[in-house]
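Labels for the chains are A, B and C, by order of writing; each one numbers its residues from 1.
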């Protein structure tokens, strides 16, 4: 199926959605279906913290543009984790906002990216996506004690566990994309020269990599999707990705890694979260978010090294860790005002 | 001392126990001793979440049947950790239910299994068993915030730390049983063919391995001991062990590992915990427990790989992690009813 | 600048501090400066849990005595993390007690110890020290739920992340002091013979190593600084360091490591914390602290091994982990009385 067909299909579903409210008991079947589609799209939007189905749809378009396999994976993952939440009777408003969708979306795309394709892999993806729902609920309870969000932690844990497990499972093979297990080297040299093209490619790749997509056009589509949902979020993502590039360049990171967006996608997410979601934007919170964004680059470099002996990628663990710490610390710093949401 | 002598000794102690209540201030010395023996046996029973001294006694019989060294280790460990709790003034009812015993039991058997025997090792076991009491109390406070049980986490942490430390201690040597430290391989092949005998041996080994025993007869004794305490728990353990075998086989795990019960013991514990202890058994909780049991197999494979660079075994960490998540998530899923206990 | 000049400078600042209260809005500039100096010195004192600026000053003297680079690093780190807390509007009394200083002090000295020196390194130190303030605030909120202290956890996390990250950053190089990444060996032999000189050197090195200083005289100055603040704390540190040596020697640890104070500095901190800060000193708490101090040695050996595949040092993680567990467990053991502070 080609991208434009998918878009047409989804757009026709979207047209039916005339309300953002939940599907009610008395709703007709088509209306229920439309509501479910809207919920799934919000789930995809929530990958970048946007409760907006149009943004989610555009994310999907961006992914299908690059590789339709990943588009299907995202749909399967989001549907599975959302449906699991509904089957278990999770709170309607949370499900409706796509909260139980985004980790399923990411786990599915992650497993498809790291594992060889066969029928068992698809089953494995369904199992993993269903697991994210339980892990999210567990984290909602755990972190709710401090009013801290779960973010993409269920995705990180589930992907790491499900990929790592394959070393014991002869019928599930990993692809060459996965880093080779090795001992971290103490020394590194400055590799390659950062040019304008590095920065430009890195900037949009940094946003595309949030969904494992190494494609500038996809990155541009994602940025537009964000801007539609929230101008502040869109600008924060771009500035976050740019900060990632800048800091990595100053510290002497390898040029190909900078160009690929590796140093940008966690920083972009950190910037979106702190600037547009968890704090009211002012001078203090902007400075606070800048510190967090810079620290995210360091934590990304550290996590990449820490996971090297396991041959595992850092995924969005730096974003999760840094935003957890900075949100947790917030109330002790009265200069920062927590956003109402 | 031969197993049957031990049993006779313990049975005569048991006979004196006419009440399950705590030893009171005014109790006579023999009565206090009998109460203590009963407490220790409950501690052994709690390894599989059974507050039942007969079950604990039968576990001990099963262990002595396989190897008397491990039987003595279990007794030493349980006595040490229970006595430490009493000395520190821990709550009487919790001590009496064997809550401060089972981690000591497991740590002692674990250290005996992984370390070369000498006088220092026995001292080390006592130190480790006493530590589990503090770690359990710490976890009771920590996890009590969310009404989540500590399970065998103190055993897992203490064993990993005390075994890992031996690499720095010239007078404490590890045995060849311990996995060799290495980098996880990305690829694996399907090794060996799973037959009926694999399943049958794996089924009971999976229950025996909870106490580090690779012995089918011991597994059968353990299963009977469980059935005596709770038919649901006994069936859950068997089904859990079987699910572990089945999932590992479908995924293409190595036949010798499946036969040894390696893929079953964590799943058996997960099944006991979710089906017979923490949730009221119905269709929803059965499906939830099945998901947890399957996920436990994946987490076991992942943890084994994750600990490979340290040359450490996964122990019951998959059971602990999965049950923590699934119990923590419970209240957000109204379809599941939490058991009163 | 020579040590005695530094001392003279600091002493003249100290002379101006006539109150331990906070700088108030109406305070004159010199008075504010003096208050800030006092706050910074308390921050240095808090590395060993002493809210005492004279103790902090003597710690600084001891460090300058050994290596002035580390002295400047401590000052830069403490000032940065304290100033960050003030800028973010952290609670005045906590800042004033040096609570936001000690992790900055340790991170700065740690990074200076492990990284090659250049202008970027100094910037990196400032970034790391500022980060400890956010991490401390995050841990204060997190652990406050159970009334558990953050201790030096921000230092441990920040140092590990910032050093590990250098493997990806070509302009930040690690020194040869850092352990080489490798797989832990299962076997070890007893290496070297422990003599009186091992014990004597190890005893004071164990206290000096808390600030990364391998210098007996510095250790003696630190011990005196502690005794000035609290006789119990000073004796606890010495006994803790001694217990570390004794346990390591019994277990068969390598003599050079024992002599260097490697097995003592975590135990010294554990002893200070449990004996003089968190529990009222009596027979029960002394026994409890002894258990904790012995366990700290095992945890140090284990953490050193666990971090070997990453080529990272254990730092004070054993102290943090053990004191967290023993303080957390405290309320469940009524024999122990929690200190009011």
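Quick note on the criterion: a residue touches a chain if its C-beta (ideal position, glycine included) is under 8 Å from a C-beta of that chain, and two chains touch if they have at least 3 such contacts.
Because the structure is predicted, anything quoted here is derived from the model rather than measured.
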Each chain counted as touching subunit B and subunit C at once: A
Copies subunit A and subunit B touch via same or different residues, half shared test: different
Distance from subunit B to subunit A - Cα centre to Cα centre, in angstrom: 37
Subunit A residues counted as touching two or more neighbouring chains: 145, 183, 309
For the subunit A and subunit C complex, residues of the former touching the latter: 145-146, 183-191, 248, 250-254, 257, 284, 288, 291-292, 294-295, 298-302, 304-306, 309, 324-326, 328-329, 331-336
Residues of subunit B defined as touching subunit C within the complex: 87-91, 120, 127, 130-131, 134-138, 140-142, 145, 160-162, 164-174, 178, 180-183, 309-311
